[in-house]
Amino acid sequence: MRTSRLEAFSDGVLAIIITIMVLELHVPEGPTLEDLSHSATGFLTYLLSFVYIGIYWNNHHHMFQLVRRIDGTVLWANLHLLFWLSLYPFTTAWMDETELARTPLIVYGVNLLAAAVAYYVLQLAIFRAERPDSLLKDAVGRDLKGKLSPVLYLAGIASAFVASWLAVAFYVVVALIWLVPDRRMESYVAAHGLEA
Amino acid sequence: MRTSRLEAFSDGVLAIIITIMVLELHVPEGPTLEDLSHSATGFLTYLLSFVYIGIYWNNHHHMFQLVRRIDGTVLWANLHLLFWLSLYPFTTAWMDETELARTPLIVYGVNLLAAAVAYYVLQLAIFRAERPDSLLKDAVGRDLKGKLSPVLYLAGIASAFVASWLAVAFYVVVALIWLVPDRRMESYVAAHGLEA
Amino acid sequence: MRTSRLEAFSDGVLAIIITIMVLELHVPEGPTLEDLSHSATGFLTYLLSFVYIGIYWNNHHHMFQLVRRIDGTVLWANLHLLFWLSLYPFTTAWMDETELARTPLIVYGVNLLAAAVAYYVLQLAIFRAERPDSLLKDAVGRDLKGKLSPVLYLAGIASAFVASWLAVAFYVVVALIWLVPDRRMESYVAAHGLEA
Amino acid sequence: MRTSRLEAFSDGVLAIIITIMVLELHVPEGPTLEDLSHSATGFLTYLLSFVYIGIYWNNHHHMFQLVRRIDGTVLWANLHLLFWLSLYPFTTAWMDETELARTPLIVYGVNLLAAAVAYYVLQLAIFRAERPDSLLKDAVGRDLKGKLSPVLYLAGIASAFVASWLAVAFYVVVALIWLVPDRRMESYVAAHGLEA
């Protein structure tokens, strides 16, 4: 089974998720800067989730450059990832409308964590489908960032019990870590003379 | 006529359906877990419909790997299927907002049934367009799952008159049956050395 | 300039238009069939607009099978068509919420007419871009249906002043005329041994 | 890294942005032309933003015809552009609902400006990725329109302090300037016998 339609479908879903979040940004009630300022939290949480979906798209893109063979399990592992990502507009909006209250922050962190786990499961499903010679497995290597993220999400979730801004800080830090594109794939492609 | 644009369009519609359903998930009124718990039914019905759309995308994907030739009738049979699937957000939201009341459960079941019939009709249209040598027809074979689903939907609809949870149980069972990917296509492709 | 990205973008926009219309279908207020019956007009107008968008996708698909060369003017003529089509959710919702009042019916008819004119203009732009040897121009021929539709839309608009149902009837008739796929393209492709 | 998936994802996001703006067009309260007339501002601002997104899609399309090589920085520069464009529905709706009040007009202008800057940054990122032999750099040349637009946006923002209609006029003028498709790319492609 080729990956082109899985990629196209994932692109479609991610494009929609990243865009409909803006529909949750309520238009200010009045015409002043003061009115607009009430959208500040909404704007920043939108930005954060936009970056997160961008990261997933980016990594998904890089990952599938090295995938040659998939099966039904990979299709479902991919849908599983998309499911958790599709909840971002919901958890983001809740976090925004409660002005970063504790429980919504925790739930958002759980959502981030679930997506990270789903991404990891997707990777495993691909390794299995491509057994025994997965280029991806070779390229992923020790996967430091992938292993660090869940830890930081958990730290963020835990710190929400102490202070909201601390939880937000953890979530922002993970995003920043990933903003640096995943060069492993690029260098692997370059080093092995592969062309996706 | 080639199938690539039909597949791309279907991917687009399915990606949108699966994603906009999340817009029907109302953001909790307050910042507590208690508030979030009111979204539990919404979350579970969203999950169910997400899985159903995922199943259709999955089977659609598998099916069109074996389709070589389509005509105008297939295009319309495909749109007919997409029409019924596009109503999922509507019937899902009604079921959710009425906390699984009887009539909405029945209407949801009718929607599931209509989509299943439309999928069957699409298959027939493809058989006809590819006559006399449809690979798909060959691969589909006796189509046990395809014939069992409508029966279970009808049982679900009927059981809604007895108890809501029974209807839900039937709808969940059909989803579980299909979660197992349609390996007929995969094995057919493998056995006949075809590459989609 | 190749047509693939224009087709992909159009597919995306049409897929979204056809799907977001369902968001205008308000979830019934209560859990009874009586409550659902209030959605009847909404359901039927949704069906009508779904079929119309389906027709445009279908014809667009057929048309671009014969297009080999486009330019900037074609891109804008295509966006012009998409603009009018993007208003369908708006005019459909107005028609629905006013229970088929006269003015909304007229405005819907004007929207249908504007899209038909935009489609015609797109065709002319393609003829010009492919000058002097447009396969499409050859295949379109006398374009009876294309010339009949605007007349019927105008008749529908005019008849809205007499009776709502008459206007609806005209709009439904045009849809039925087009539901028969545009076989000119298919037969042209077949007759000339072209493969899109 | 090839550009096909970046283009597909961008097409998806742009298609969604251009289409969901119509959801911000509120269905008139009553069934008369008088009721519809309240949507006039909404219709015109929708048209303006539709044209702007159309321009970006158009230029994006032309630009990537000449791009052969991208890297992770280009992916993020592209997402950065999409981020600002994704705010158009929000700033457009605010401008519309306040009937073109001063602050919303300024914010809309800032949004236009930010997108223009993001587009410019994307171009630079592409030049860098394709170093030393960027066809795009060669084709873009002096980029008069690209340098003029930000100036006009700033003039529009400034003039909003004087009169609303003047700001709108500036924004409309930039759109008109760009409506003329970017023939530099087309002529470059033609002149150098390239085929995208």
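First chain written, first letter: the chains are A, B, C and D, and each begins at residue 1.
Here is the rule we go by: a residue touches a chain if its C-beta (ideal position, glycine included) is under 8 Å from a C-beta of that chain, and two chains touch if they have at least 3 such contacts.
All figures in this text were calculated on a predicted structure; none of them were measured in a lab.
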item	value
For chain B placed onto chain C, the superposition rotation in degrees, Cα atoms, nearest 5	90
Equivalent interface positions on chain C and chain D, same or different at half	different
Centre distance in Å when chain A and chain B are each reduced to the mean of their C-alpha atoms	26
Between chain D and chain B, distance of the C-alpha-averaged centres to the nearest whole Å	37
Numbers and ranges of chain D residues touching at least 2 other chains	8, 12, 15-16, 20, 23
In the complex, chain C residues that touch chain D	1-2, 5-6, 8-9, 12-13, 15-17, 20, 23-24, 71-73, 75-76, 79, 82-83, 86-87, 89-90, 93-94, 97-98, 101-104, 107
Residues of chain C touching chain B in the complex	7-8, 11-12, 14-16, 18-20, 22-23, 25, 27-28, 30-33, 36, 47, 50, 54, 57-58, 61, 65, 179, 181-183, 186, 189, 195-196
